[in-house]
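Shared between the two complexes below is chain A, which has chain B as its partner in the first and chain C in the second.
Take a look at the complex of A and B:
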């Protein structure tokens, strides 16, 4: 199991770097969706042999939501808004990747030094990768111009937090897990609607135009 | 009882989305608000039994914040009925920039309003940290459509900022929840549930570094939603662009809900013997929020934004009160009541002013006492109250916090607190006096002289409450605030 989880973590790590370097919106949506699917599988790997119906159902729902519903919603937003399909970042791709590598180094350094409760860890990579994914999400939110990218950044952030949750909170109550998934779903749904309105109001979804309200 | 309190507005919200004619939908809003207030009053007096195996329970802080929410919602829904019936239909131009816009459908507005009540009730009743998180995030999602009621680019910008900044903030609070679970896990790997009473029983057996990290993330996460500086950037935009009746609820009820999240975290810290760590942070964030608010209030020309920054200030005062501990905890919780009532009243009056004068610039308004006697009088009284002048409620609670600062030997904090209050008093009273005194001039003279019963009843009732609370705190309220302060500890 250890090696399997390790390789899943490496895939997520690479997907973060891809997210930072991709210039096309559709590719970014695919990357985040792939992350979501892989993370959906994670609870199945880490439950140490005892795969209950509950774990399978949660995994299935999470995969359906993050791997299928979200990409569909976001792709629809691109089509309806007929936006240019490039990311148009404030911070260039090369710089993004360099900063990403730096963030990765910091995550590895910090993640391997945190005092963790021994029994919970399944792989030495979980904490660094969770931290790195969280940082990537926050960076994408801040450094990209399009509203859609900010939603993708939010989803990456959520994914990072989810990795941490799967690794350490094995027995989170069903109600809470369902509630969290429902909230994320509604959040993306509402953000999708807002993107539609931003496009109708401004004929594009660049958030740097949202700058009337300031002191 | 608790389940009924949550399910009632949810069902009413769903109904509101279906009902097509306006009149029955507005009646539904009023009936639901009244029923919710009645049920809340009943729980306040005779208690409510826990539900969902202890996950939902109304302890001291819970019933206190539920009470505030319910009273404000009742006042807001009476006001909303008048507001909605006076809104012009169809496309019209905005008075600030002349851009054309339409309203969101009224049934969406009413539905979201009722869902908003349901989610805030869930926040007040949650005893499980995970459920609390779900509820707080749900309040953001239910209230976003409310801010985007007038569909123009400014409210769109405000809604987007609100949605994104609060969602990211609250995501960090989720990480805080996970850290809390790690902190609570025993060394043999067995985990503890995140139900508040279980965590409190855990007492000193927490993993302290993880617990501190958890508190930091919860503070930053819920602090974003509460509007503590420097995470407050969404707040002035959302509060100034939302319809006034929504601003009243956002400022008076929603900010408190986020504050409750921080109080829960502080409770756990206290049980683990780390209360001082949390109090220190709350003290710093409190004073910082007051300072940031003071700077922006002094140079503020838009009176709705001024009220919004005043909310940042008062969230700072709440945080400061908890940070001081001792009688400051009592003062802070009492101040939550006073601030909510006063601020909701002021936002409702601001709605009347916008309707009558069609401007948000305080410099363009004068002679309000002559044009709108009731609203003008309430406006002046509200500004006196919110800046902490006697004999109104906020004076009493702000004084209690000042006394706590002196008692606990925080002389420096007391000095900063007083000077910031003085600065804010000057900034806000200058605007209020300019608006109310003098003769109506220019555009002001042409103002529509409309003060309908529905637009005055709610602010007037809230104003009377603020005055009464300044003269005497009724024993049932005092007992609940005391009980809440005991639960929060410090």
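Take a look at the complex of A and C:
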């Protein structure tokens, strides 16, 4: 079972690196959606045989939300705004990949040294991958110009927090998890509408140009 | 008995290497709906070239003549270092993976300065590209190999590749998969295959390896072609050695399995070349950095 979870964790690591290195917005949306679906299956894998109704509920809800609703919302946003790719990010894609590997090294180093209840973590990779996904999300939010990529960064950040939560799924209350998912849903919904309005007002979704606005 | 199989392996490499480009070309021809050239075309080419004489420009020096010879001899030397089909290599010592990498480095260095020696602008461009991309591919190769070395607790290629068992793969599957993926990129880069370089192109502006050898002819060109085929075979041995976890323990059967796997690798390369376009030159460093990230990831997982 541990090798299986390890492999899933490596797939999530790779999807993060892919997110750092790809410029097409549609591809980025697909990557984050795939990540969401894999994360939805994760609690089923890590619940050690006793699959309770709440774990199934959590998995189904998060797959539906992250794998279907969010990609649909975001794809609609890029269709309306008719942007295909992030042309000039603040940090280039090759540099992003290199910085990503550095962040990976840091999170592996830190994640293996965090004092955690040993029974809670199923694979020694869980916490490092959670940290790395959070860092990737933050980095994408900071380094990309398009509002849509920043939403994706936010989603990756939330995925990272979710991996942390999965490690403790038997202990954390269901309501808390569902509440977080609902918050994310509302946030993405609002951001989708925001992108639409920014686009309609200014004919682009470059957020750095918003800072030059004056009263 | 201990020495016979390694010697047979080296002879197999020398004998069968020109077959691999033939298999690749045949796969590409089938994909394109053509009949394609004969499987043994490269053998015919090499024998034809060996019968001819060479023409040397007055501006070239001995470096130009040394290039193909050093290139071929370094490839033959590297062939003695790589194990094949689960048995150890002819030469094996701790740290031979560095000798392996730098033998090809030596061959490449001479190919590059031989290309510069002609004073041709086209060949200079090819030489500069070759130097750039191989400089980027080298750390990827080492990171991948060190990750495998760490998993198998050996710094010798003969200790690393035959140590691949189903247990190693179950224990360290992610590490080995990532390392093999990174080494596949190095394999494609070093052998100038698509997506890095198109071996079929006849446009000097886009070529890398082929453009460096434009001025070589006759036996020199035969050496270069043979050396390139040998390099393809040896890197293939390295890659299939990592990917093949099963050793039956009976050498002839292991050899046949390993040769079949090499043919499968050649078919896979043909499929990659038929389904992908060559990347723009500016994108290649990005792909190599991506491969480097994979290799680094596998090393980090191995060190964990």
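Please note the rule applied: the second predicted complex is superposed on the first by the 206 of 215 C-alpha atoms of A that agree within 3 Å, B and C clash if a C-alpha of one lies under 4 Å from a C-alpha of the other, contacts with A are read in each partner's own complex, and residues count from 1 in each chain.
Simple rule for what comes next: contacts are C-beta pairs under 8 Å (C-beta built on N, C-alpha and C of every residue); 3 or more make two chains touch, one makes a residue touch a chain.
These figures come from a predicted structure and were not determined experimentally.
K.L.:
When the two structures are laid over each other on chain A, do chain B and chain C clash or fit?
P.N.:
Overlaying the two structures gives chain B and chain C room side by side.
K.L.:
Who does A:97 touch here: chain B (first), chain C (second), both, or neither?
P.N.:
Second partner only, chain C.
K.L.:
Identify the partner contact of A:21: answer first if only chain B is touched, second if only chain C is, both if each is, neither if none is.
P.N.:
second
K.L.:
In the superposed arrangement, does chain B or chain C reach more residues of chain A?
P.N.:
B
K.L.:
So, A:7: does it touch chain B (first), chain C (second), both, or neither?
P.N.:
After superposition on chain A, A:7 lies in contact with chain C alone.
K.L.:
Using C-alpha centres in the superposed arrangement, which angle lies between chain B and chain C as seen from chain A, in steps of 10 degrees?
P.N.:
Approximately 150 degrees at the chain A centre.
K.L.:
Output check: A:75 vs chain B and chain C. Expected answer is one of first, second, both, neither. What do you get?
P.N.:
Touch partners of A:75: none, neither chain B nor chain C.
K.L.:
Once chain A of both complexes is superposed, is A:105 in touch with chain B (first), chain C (second), both, or neither?
P.N.:
Touch partner of A:105: chain C, not chain B.
K.L.:
Could you tell me how near the closest CA atoms of chain B and chain C get once both structures are overlaid on the shared chain, in Å?
P.N.:
Superposed on chain A, the two chains' closest C-alpha atoms are separated by 22 Å.
K.L.:
If I apply the document's touch criterion, which positions on chain A are contacted by chain B in one structure and by chain C in the other?
P.N.:
none
K.L.:
Provide the residue numbers of chain C that touch chain A in the complex, in ascending order.
P.N.:
Interface residues on chain C, with respect to chain A: 170-171, 173-174, 178, 285-286, 289-290, 292-294, 296-297, 300-301, 304.
K.L.:
Going by the contact rule set out above, which residues of chain B touch chain A in the complex?
P.N.:
The touching residues are 55, 128, 130-131, 133-134, 137-138, 140-141, 144-145, 148, 151-154, 156-161, 163-164, 167-168, 171, 174-175, 178, 181-182, 185, 187-189, 191, 193-194, 207, 209-210, 236-237, 240-241, 296, 299.
K.L.:
Can you tell me which positions in chain A touch chain B when the two form their complex?
P.N.:
115-120, 134, 138, 141, 147, 150, 154, 157-158, 161, 164-165, 168-173, 175-176, 179-180, 182-183, 186-187, 190-191, 194, 197-198, 201-202, 207, 210-213, 215
K.L.:
In their shared complex, at which residues does chain A touch chain C?
P.N.:
Against chain C, the touching part of chain A is residues 3, 6-7, 10, 13-14, 17, 21, 93-94, 97-98, 100-101, 104-105, 108, 112, 124-125.
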